[in-house]
Amino acid sequence: MKARSLLVLVLVVILVLSSVTFISAQDEPIKIGLGFDLTGAESSLDLPASNGAMLAVEEINAAGGVLGRQIEPVLRDSRYEMDITAQIARQFVEEDGVAAVVGFTDSDSVLASGPIIQEAGVPFITAGATSPLLPEQVGDLFFMACFGDNVQAAAAAEYAFNTYGDTAYLLWDEGVEYTTLLAEYFRARFVELGGTIVLEDNYADDATDFSTQITKIRALAEQPDFYFISAMPYNVGPVVLQMRQAGLEGPIIGGDGYDTPDIVSVAGEAANNVFFTTHALMDSEIGTDGIKAFIASYNEAYGHDPENAFAALGYDAVKLLADAIERAGSTDAAAIQEALLATADFPGITGSITFSEGSHIPQKGVTIIEIVDEQFTLAQEVVPEVVPPANLDADM
Amino acid sequence: MSLPLYALQQLINALSVGSLYALMAAGLAMVFGILGLINFAHGDMMMIAAYIAAFSLIAGIPLPIALVLMVVGTIIVAVLMERIAYRPLRTAPAVATLLTSFAVGQILQNGALLTSRFAQQPLQIAFPPIDFLRGVVLAGALTIPKVNLVSLGLGLVLLLLLTLFVTRTTLGLSMRAAAEDIQAAQLMGIDTNRVIVTAFVIGAILASAAGLLYAVQAGTVNPDMGFSPVLKAFIAAVIGGFGSIAGAVVGGYALGLLEVLLVAIPGLGDILPAATTSPEVITFFKTYLPSTLTSYRDAFVFAALILLLLVRPGGILGTVDNDNTR
Amino acid sequence: MGIRSHAAHLLDVTELTKTFKGLHALEDVNLQLDADEILGVIGPNGAGKTTLLNLLTGYLLPTRGKIFFQNKDITALRMPAVTRLGIARTFQNIRLFGAMTVLENVVTAQQLRTEFSLPEVLLATGSFRRKERELVEQAMDHLSIFGLEDHADQLANSLPYGMQRRLEIARALATSPKLLLLDEPAAGMNISETDALHEMILEVKRRFHLTIILVEHDMRLVMNMCDRILVLNYGRVLATDRPEAIRQNADVIESYLGKAHHTAAS
Amino acid sequence: MLQIDHIDVYYGKIQTLKDVSLRVDDGELVTLIGSNGAGKSTTLRTISGLLRPKQGSITYNGQRIDHLKPHEVVRLGVVHCPEGRRLFGHLSVGENLRLGAVTQTDSAEIERTRGEVYELFPKLKERNNQLAATLSGGEQQMLAIGRALMSRPKLLLLDEPSLGLAPLLVEALFAIIRQIKARGVTILLVEQNAWLALEVADRGYVMETGKIILADSAAALRTNPQVEEAYLGGGA
Amino acid sequence: MNTKMQRNGFLVVLGATLILLVGLSSSGSSFWQGIFINLGMYIILVVALNLSNGFTGVFSLGHIGFMALGAYISAILTLPLDKKASYLPDLPGWLAPVHLDMMIGPFPLGFLLATLIAGVLVTLIAVVVGLVLMRLSGHFVAVATLGFLVIVRVVLINADEFTRGSHTFSNVTAYTDLWWVYAWVFIALIAVWRLKFSSYGRAMFAQRDDGIAAQSVGIVIMRPRLLAFAVSAFFTAVAGALWAHYLTSFSPKAFYFDLTFRVITMLVVGGMGSVTGSVVGPAVITAIAEALRRLEDVTLLYGVSQIVLAVLFIVIIVFRPGGLMGEREINFAGLWQRLRFRASVAQEGSAAEP
């Protein structure tokens, strides 16, 4: 009995406390929903992205806001639980009445929330979900702040084919959509170019020891010209380190999952001769002024450098939205949509963003970074000649 | 690399993985043996250990002190965990305690998450390099990463110490007695609470060793890094026959071997030298055991596990009476 | 099997042998039991008494030998099938469905003779309700025979010891058996309780037309109640005879009853 | 030596002991008899601290022990040899004996006690390195008692030592109980075999459904018609 | 008499639920509808799991695998043909043209069919799996069923011609609404309730309490276990189908340990063996979790709510090891009596006033 009444008491207290949220502020600020997985399985990508997004909001507000109004960010944790992800989307559009939503770095979350936001007639920009299929799957109010995986994979394939040769080893993380998609797009473009994949292999998302896969590579009669490894940020360091330790010195190539300081801190000098495609060179010394400023203010706000490229993408997504609202001159969804579609050469931290020909995926140059002496250096800025179709399956 | 060399290198890989699994499984099995509790929070103890080590090293604390802090800190967490969460549940049904260990894990994970935030650290921290664990040992064409060598060595030493402890000391003997019949142990004058706390302390020591090695191998630490190793440890413990430390060790190596085999064999068709291998063999591998088959690895591991449970419910080492029910 | 007729006997056991890890728990036991008989089984602990019951009920499968019940070979049948054919049992350490009520314990045994189909249950059809009602009514009648009707809604494991014993017998009988196997029913009972048990067993034997095998340590009960007694020692049959003869059998006294009992009983 | 005053004990919500009082004096062998489920084992489990009384007190040599934990009770010299032997089957005979002496610190003393136990049960010495589970029933009971003796008890609580033993072995067992008593150990014996128990005991208590219904000298109980009728099987 | 009161009490609860549902669906708040839709799906999952884990004591950790199969099978069957051609071009010929979109007026018969087909197929799978796994007991079943969950995941990831592999399966038609969910909640609760109070339920509980005694009264242990496992798999698959057509997108990742432990937690909090508990558990956990989530949005202490929820769980388990309901059920007759009593008091009160 006692336990029960205690439970009831706790519940009541919690409900009373939480009802504070319902006391909403004046209609004046522009509300923007920020949906990220802050505590769940994707939080290592989403948390930096949300930090970047919040930073952008603060900067905009400090500079006077948008259309003379402040931006009120509504940050909600999706926990990478899909029912909750859908629920926070509903909260955004119903309870909070947000003008637009920015969020997420993975397709699952975007697809669980996107249709709800779309149906409510609210624009939605994803910070870092890079599957190029998403605009078609979600709807016409959905935009991406990042390029599609097909673009960066094609860039990587073309760069590697031209620079190193026509034989490759392909390894990917089999449990994640991003890594499998990236590997598939890479394979498609590389084979199209006339390349051969001599051996392909995969590993579980939670792997930390890659020696079995590495032994297989070492057993190859002849080493390929390069190794394409499609990995998540948390796996990149160990893979690279262990390959080098096993004596595999050839070039290692990957996608924007490599874009984290962790790769150098984990692999050290083993990270040399690693190349990857990403959005921009995030370096506090040789980066653009915008990048330098971003890194400095991120460091000030959170006590450390940006964890990975998603921090900048979250930042860019908010800035992109604010820019569109400013140009639209209102918070009307159709106006924002129109303004977004008309975005040209928007100077994002992660590169210049242009939406052309009604596409909801920006045209952005792909930055290829080389790690030299444990430093990220710019290898090349490219636009791939041929990009594999978003839906590879449909063509087969 | 010739085929025998390939096989040998993969065997070494299996041993390396296996010793880490054995280290993780031994701690889990010991607590289970005494309390009948599958402590899923064991993985989170590994995580806590890794965090303490990482934070200490980042703060510039010298390695030996950092390691002491790690072990002591993990022990404190383990003892608190036992005292607050598990002791009131001694008589509760197994399911309840299993779920409680998940709840404890949740608390530890989110605690680590909040701590990093307040410490203004990223969610995922690169584990600071430890010099003597970096690099590889070369033996001819064979390579063995030092981490793996250390986990093999440390694993053997710790397990040997553990064996000496449970066979040679009164406390160790008491522990085995409590594992068999906790009430009878009480009637012998054994303070079972002390025995249980000791089991958690040893579990914490094993977890911190395993956590450190795991973190070094993974290169980074993050709050949910404990789940995957504890699952492996759990499987290893079941393979060995749950509850016996020796079984857990055997199970750890068996699991390591199984996992390596499931990756090492598919794709051989692409690796075998075409000059010296008969084309039939290569075609066979390419047709029936292509490299892509490795993605079924976990399914095969668990299928093997289920088969083992059906054939030998007591695990590889276990003995089970032939009664057909219960 | 040979041409030997089993027609004469309700139960016919030949050369029944059970080995556990090479040890003979039971060896070459032969036993014939006629309808309406009460057979006592005695012997020191570990002599194989409970193993015999476990074999007869199909809980264990014999290593060798045959069991015929009503001319039907039941050697390879498992416990539920054996029960269905009409052999019921109780257990040395009471095994009730502790978390179920007294009534449910009996109904669970009784439903063996009632067929329910899944749609019937899920749709709660009229026939389902009728059958359930009948089951409950029958079970209540059944409980009243054992003086348990007032405890019908009590949880089985909250009953006092003596009642739990009675409930176990009531539950066994609810399967409508022809042969009842009782495993130390008087264990832990004092003499008046044992006497009451004696009465009750005879009463239900009459009422349900039972044949009974009684495994028991209480010599007084065994001697007074049984028509014949089978003595087991180290898995072998030492003697099968009428109680008076067993009492005088030197082998039995030597290996089992011992001096202490001799003096106590005399 | 041991004094139990008006204890009530519950298993969950069910009361298993009602207002039980009993007393064991130094050097005595007292037996507690009664049918299964009468509360005999519960009484022993309460003395040894496995159960807590809800009411009443237990004092041992003038000290309250009803709030102590089992291992603290053992340290005072009250040792409970439980029903069903409860040996550590996966441990050897020697290890089982070593565990019996877990409360002892003087290793010379332990070895001396071990010698005495071997003297009492020569079989155990032969089987010192054998796993306890592989012993026969009689040997297991010997080991259970030997293990209890290893802690040099002042008061030994013996729960159903004859359970599951053939009558011949039971006789041998009771001879040993007499010897233990002769060595100065006070014994509280719970037995179903009331006849034998009353033969060796000085005094006895009779329990029924959680209550003590009779208390007298063993000799008197042996001839008490009520006991004779209820537990001894009368003059059948 | 008693049964009549029971029926009246039941009707009161049913009526109250209906009023709540009508209120919700006319409120236009898709957020609150969403809460109750999620709650309903959890109730189905929990009551189904209860049938297996609670009633038979065979502790399965693999049920979310059935849910995943239910979601995928039903979604493949209802996926619009153009989406199918573009996302699942490698479907076998017989499956490629299948599109269950039949409507009877506003009623999507195709969805019902897809749900039923998914349920039946998964039930068949459960029977096969159960024939192997139901022979095990205790921790061993838990491990083996966990293995089943892992195997399902691996198969879903690798069977990409059916499932798109690790890519998100999307653009499923959003058929599921409050009425669909609660119709199935009603069916599941009634079915499990009737099973509990029938010969099947008694056999399940009997073999759980004492397997040997159960055999001695003629119960073949495998049968009640298998039945419970199969029926439970059916409803779990139905919940999967509802889930798929509510969220409209999912990937193998969604059906894994997190969801497994959420559902088991609800089950244990509610009470294993109690049908009422299978409603109470999800309701209590959902309410607390939602309240805490809102608290988190105010305090910005993300992660605290998971800690508080875990602590609450431990507290509940310590003070009520059997869960909030244990094995008991709601007493409809008592409820009815109490309501009548209140009504009569109120009447008397109002009568006395003037």
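Note that the chains are named A, B, C, D and E in the order they appear, and that numbering of residues resets to 1 at the start of each chain.
Rule of thumb we're sticking to: a contact is a pair of C-beta atoms (placed from the backbone, for glycine too) under 8 Å apart; a residue touches a chain by one contact, two chains touch by 3 or more.
For clarity, every value in this text was computed on a predicted model and none was experimentally measured.
The minimum number of touch steps separating subunit A from subunit D is 2. Annotation of subunit A and subunit B: jointly contacted by E, touch as defined at the top. Among the other chains, the CA centroid farthest from that of subunit B is the one of C.
In terms of their C-alpha centroids, the spacing between subunit A and subunit E amounts to 34 Å. Averaging Cα coordinates per chain places subunit B and subunit D 44 Å apart. Taking each chain's centre as the average of its CA atoms, subunit D and subunit E sit 53 Å apart.
One inter-chain figure worth recording: subunit B and subunit C are separated by 50 Å, centre to centre, where each centre is the mean of the chain's CA atoms.
In subunit B, the residues touching two or more other chains are 110, 113, 227, 295, 297-298.
Residue positions of subunit A with contacts to 2 or more other chains are 39, 41, 174.
Shared contact sites, meaning residues of subunit C that touch two or more other chains, are absent. For subunit C in complex with subunit E, the touching residues are 57, 59, 78-80, 83-84, 88-89, 91, 95-100, 104, 107-109, 111-112, 114, 116, 118, 121-122, 124, 128, 132, 135, 171-172, 174-175.
Subunit E makes touch with subunit B in their complex at residues 53, 59, 132-133, 135-140, 142-144, 146-148, 150-151, 153-155, 157-158, 211-212, 215, 221, 257, 261, 264-265, 268, 272, 301-304, 306-307, 309-311, 313-314, 317-318, 321.
Residues of subunit E that touch subunit A in their complex: 29-31, 34-35, 38, 41, 85-90, 157, 164-168, 170-171, 174, 243, 246-251, 253-254, 258-259, 262, 284, 287-288, 291-298, 300, 302-303, 306, 312, 315-316, 319-320, 324.
On the subunit D side of its complex with subunit B, the touching residues are 48-50, 69-71, 74-75, 79-82, 86-91, 95, 98-100, 102-103, 147, 151.
Note for the complex: subunit A touches subunit E at residues 3-4, 7, 10-11, 14-15, 17-18, 20-21, 38-41, 74-77, 79-84, 86-87, 90-91, 94-95, 107-108, 111-112, 115-116, 131, 133, 137, 174-177, 180-181, 391, 393-394, 396.
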